[in-house]
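Consider the two complexes below, in which chain A is the common component and chain B and chain C are the respective partners.
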Partner chain A sequence: MEKKNLKKLIEELEFKCVTGVNLLDKEPKWAYVSDLLSDVMGKAQPQMIWVTSQIHKNIVAVASLIDLSAIVIVNERKPDENMLKLAEEEGVVVLTSDKPAFETAGMLYRDLAPQPPKGKRGVFKRT
Partner chain B sequence: MELGHKNNLFVIGGCEINTQEEVHCLAYFRDLQLLNEFQQYLDEHLPDIKNDASLFGHQVAVDEFDNIIYEEEKLLIAALDVDLETVAEKVLSMGGVFIPAHIDKSKNSIFSQLGFMPFGLKYSALEVSWRTSVPKFIEKYPKLGNEKFIQSSDAHYLEDIGKVYTEFMMEKLDWENFVKEFAP
Partner chain C sequence: MQMQFDIQGGDFSAAGEASSEVKKALKQLNIQPQTLRRIAVALYEAEVNVVAHAYRGTMTVDISPARILVQLQDEGPGIDDIGKAMEEGFSTASDKVREMGFGAGMGLPNIKKNSDEMHLTSTPGTGTTLEIIVNF
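After this line comes the complex of A and B, so read on.
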């Protein structure tokens, strides 16, 4: 399947880009959903997109530390000025989604998942 | 507080707060007037979710004779709609003592919710739970070696009160001398 960069994902999934507009040619590897920063620090991998409802400014540092490709803030939550300023400084892409985490993650999964092997899923064989 | 006064005990009023990030914090205030003022702030910022007593238990307020005065209908374990820094500033601006709670815990602590100590956060001290001790905690987080700590029980049941505690050497039992303990 064709690899999608952030710009393409934003267009398709109707995210809004709030910081890092000139960094959207990154190709995200996969995504991780969590609201616990300690968990993200331990488990998320570089180049992943992070889906969260946290808007505390520490999320910027975590994204920068692990080199995540973007943060998607869900549920129309509004990040504050301080956090956005820090994200611009650190070169962290912050996107917002007006959908809840489950829907946002579902759309990302659909777009980022490798194609399932043919004939192995969803086929009911009568014996 | 009244009962403490009658029994010659110095009682400091305060509360445990759940911030937007679901970080638990402690706040203490000088007197009932300030406590009431802060209660108004909490009421404004706590979302209107009704408590289901079968799930979360009864939220009752009792008087000095253990009589139930009223039952709080609003769900008190819900999180405020304001962030950690804003709550800290509010408490400190009212002359209160602000302490991030049980920071060693993997649930509802600064470290679990926010990964690390937010840069520039203001606080009076940090609290560790009964599960650790201040020296053990500092051994694990040497960068916090110069911070002020208290250890307390996070008691949610009567029998847990005083499970662990912090001793203060105070010249006089009053608010001024209590606050002095947290001076930088």
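After this line comes the complex of A and C, so read on.
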């Protein structure tokens, strides 16, 4: 599969980049959707994209500590100013999506999946 | 190497700063990424627990060539039932804290999973001490 960097992904999915514009050559690996910080801490893997509706500063620490490739804030939610400031300092990429979490995750799934889904409920393995 | 941090109860704006500092220091020491991640997760959860539940606390870090030993000591309400607190999904966090996405009852289980040793002792009404060891 052709590897995609964040820049290409943002263009295709019409996300807006609000912090870390110079860090978009990172190649994201899959994504994780959750609004529970400990859930993300415990389960998300390095270089994943984190889809969330949380907008406060603490999500930056989580993304930075476990080396996520980007945070996508969904549903046109406006990130908190303090959060954006910290994200710039820590080198965390924050993106926004004007779609709700389900649609945003769906678009990411289609884009990051290694192959098109097979069958009605195609669940495919990460490669 | 030793490091020490004060943690203020209720101050979510600073939550994670101590853990980030420790992670940065460890990065200089060429610790394996997988080990670094386990330490970062355990420390962050422990730091957030102090912020979410205690009045104030300290994080003391001792790094030797073989392992990292972290002690978190807080003054706070303490834990009535440690066995219950260790259960996944159990939390006494306030609604405000839960709205921020904390208090899912996964913090202590995450610490256990990501450490080699974890010792939790508490005196209800006085405070809690948590010791975490991760071997390199």
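Methods note: the second predicted complex is superposed on the first by the 115 of 127 C-alpha atoms of A that agree within 3 Å, B and C clash if a C-alpha of one lies under 4 Å from a C-alpha of the other, contacts with A are read in each partner's own complex, and residues count from 1 in each chain.
The rule is simple: a residue touches a chain if its C-beta (ideal position, glycine included) is under 8 Å from a C-beta of that chain, and two chains touch if they have at least 3 such contacts.
Since this is a predicted model, take the numbers as computed values, not measurements.
The superposition on chain A brings chain B into a clash with chain C. If you count the residues of chain A touched by chain B and by chain C, you find the higher number for C. Touch criterion met: A:Ser38 reaches chain B and chain C at once. In the superposed model, A:Gly106 lies in contact with neither chain B nor chain C. When the two complexes are overlaid on their common chain A, residue A:Pro46 makes contact with chain C while staying clear of chain B.
Of the two partner chains, chain C is the only one touched by A:Asp67; chain B is not. When the two complexes are overlaid on their common chain A, residue A:Gly91 makes contact with neither chain B nor chain C.
In the superposition on chain A, A:Gln54 contacts both chain B and chain C. Across the options 7-15, 61-69, 133-141 or 151-159, chain B meets chain C in a clash only at 133-141, per the superposition defined above. Shared contact residues of chain A, touching chain B in one structure and chain C in the other: 35-38, 41, 54, 56-58, 61-62.
Across the complex, chain C meets chain A through its residues 12-13, 15-17, 19-20, 23, 33, 37, 40-41, 44-45, 48, 100-102, 104, 106-107, 109-110, 113-114. Residue ranges of chain B in contact with chain A, taken from their complex: 20-22, 83-84, 106, 111-116, 118.
Residues 35-39, 41-42, 46, 52, 54, 56-59, 61-62, 64-67, 82, 90 of chain A are the ones that touch chain C when the two sit in their complex.
Those residues of chain A that touch chain B in the complex are listed here as 35-38, 40-41, 54-58, 61-62, 80.
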